[in-house]
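This is the structure I have questions about; it appears just below.
Labels run A, B and C following the written order; every chain starts at residue 1.
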């Protein structure tokens, strides 16, 4: 496969975020929660505190590294849930058609009509704040585009000769969906999931910013922005660095998605010599 | 001897892979089309017959690029022509019809208006006058009820009718050359026969020269006076249609003709096998080394 | 007398079309197939010819079980293939298989040749790895490929090679009937001959019965024992290939054959374009349609019947 510059830039940023999250316990100079020291609060960036300190005197750099864990978990888990729901509904609707298709279509349209953040807010309001409910809320609210793509891909793949051949060879419906249809539409689905990871990270930041997501004192980029709200003029670094982290990781996911879309073409795949 | 209408000299073009490498698609193709002559280019997929027509139309898109040669149309090198001049020629002096008329027609506009546009664009007619001419043009391609049909949108027509509309558009400005690239491949056989007859008769009546591109030897034979056989970017054989079919000189042409199941060729005894082209040709890579280009007879000696 | 291998008896397929009228009042019924009957004998090649929309593909899909007939019966060795007593996909798969028209769309681009040949075998209870490998190897040799090519993916093959893989997949379960849906029309001329030869060889070697769907009459003449000419859902003429190609009675059959762009006819120095000009016009009862105008597909066709006009030759005439 040949990848373009966008893909590599996106992959680089994504890997950076992943490494930051995984290696946080070892490379972070301080503890994200316990190393609070009001004596050294709101210090600008220097040699000890690379990104400065926040109102409680905690190292912003350390908290951003740990915050990457949250962002990644939210991005990946919510997209896995979204893709599973979207693929299952979309593929069965496209393949079977009939009343099931009408039902799924109606559901998708309703989901698209409700702004997903509002819907997530409602779910969070019911489930209460916290990481698990955040994952469920974001996982349940963003599957409609995946579902639409899965449905339309299934409709076009269904008429391909190899799907008809599988039917004549005696394959069952589910086997056809999982061996013939799903592998051939993974490209666009993967792209959607990668792009969705970016928006999930943003939604997490927004929900945490509203106080519904990750609860203090544990760091997430969104909740760090919430805390920084009052300090924006006094200590701008407390807001700038989490904001930059969100910006770069979302950019990374999106570039990765775009790059994947450009190069995920079965014709580019060649057997290893 | 009259000057050729279209004179392609040593045309070379290819796909630019990167700045230094270049994958050749046409490796020096030369042929002439006389005014009013129907010339056929036959070949299999990848032989370069379609890019030849795109080059003549000036429609090559990146990464395709001309690497050398000349395309002389009435003595004027089309490759050296400014874009604006080329646009003026296209649709006016050189027209083209494609395999799939649905993709070549605008789905949002009636066919009458699309034909009328040709008159407005190239002959500066008023819309009112142009629409009258469009109905007339539809009648000329034997579309039944032309004034009613002119108000149809492309999707309201059958494939055969759409191809007639394309022909009406192409011939609207009485071009000197009509390029037809597999114009009947997507059509049913009986419709194909009608469209082929139409192209043949209209062009003969108006003296329009035709560059007819097809993979189907039977189609080529029923339309063209002279045929060029293309293989792997080269014109390997060229002759009067009748002579080419009666006495093919090149191994590849012989293989192609032998491989063709022909009506009435089956005998009573069992089902014989067709000629496998690979049994005639020992080495495909050497095929383009020999070429048989029959000279044109003296003027007026139509075979 | 034993039951024929495949028997299609008075097959009808109708599609409801919503006509767009308010409250669904515009519902119409499209008559795609109107009472097709034929039998396919062991080792025979029967071709159904006709132009797009004549119902030949719908007939094929009905036999494959991918389209439910509105009326009529399809039997395989006397056992029903349709209706309440119909077998499941698994049993049907061992009776009928299909070779598809477009070799580019008929192979899953994400499966290697080995996977697409091994999966049906496993599905049908062949579990021993050695047996699977052996059968794949033998099948690839049968269709003119090498066992080493099994590891490759479809995009690494040319159109002709892909069609060979498609044939291998159709034959891997050892069906008795193979449906050929325009098997060579998407291929280059030189490749066409090779695939036609291969199909003829395989038929003789494996004792296959072919039901071929095609609009290419020169290929049909070359391969078939019997020919069925379909026009708007009905068989208008049927008979042995000689009868159909040398003495066609129905005007539509004549038009169809005359329409083939044939180099020999086009270059005939006598300028004789109509090969059937010398053939006497069929006299006696009239034809329902001469095939020059399209009948209304939304109404049931006029009463007519297939009448025997010679040995192994029947033509559709208006009911007396």
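Going forward, a contact is a pair of C-beta atoms (placed from the backbone, for glycine too) under 8 Å apart; a residue touches a chain by one contact, two chains touch by 3 or more.
Keep in mind the model is a prediction, meaning the values are calculated, not measured.
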If you count the contact pairs for each chain pair, which pair has the most? B-C
By CA centroid distance, what chain is farthest from chain C? A
If you average the Cα atoms of chain B and of chain C to get two centres, how far apart are those centres in Å? 32
Between chain A and chain C, the Cα-mean centres are separated in Å by 50
Once you find the CA centre of chain A and the CA centre of chain B, what distance in Å lies between them? 52
Touching residues on chain C, where the partner in the complex is chain A: 64-66, 88-94, 96-98, 100-102, 105-111, 116, 119-120, 123-124, 151-153, 155-156, 166, 169-170, 173
How about chain A: which of its residues touch chain C in the complex? 160-162, 164-165, 167-172, 175, 179-180, 183-184, 266-267, 269-271
Residues of chain B touching chain C in their complex? 44-45, 188-193, 196, 215-219, 221-222, 241-242, 245-246, 255-266, 268, 271, 273-278
Residue ranges of chain C in contact with chain B within the complex: 51-52, 159, 188-190, 192-194, 196-197, 200-201, 215, 217-219, 221-223, 241-242, 245, 255-267
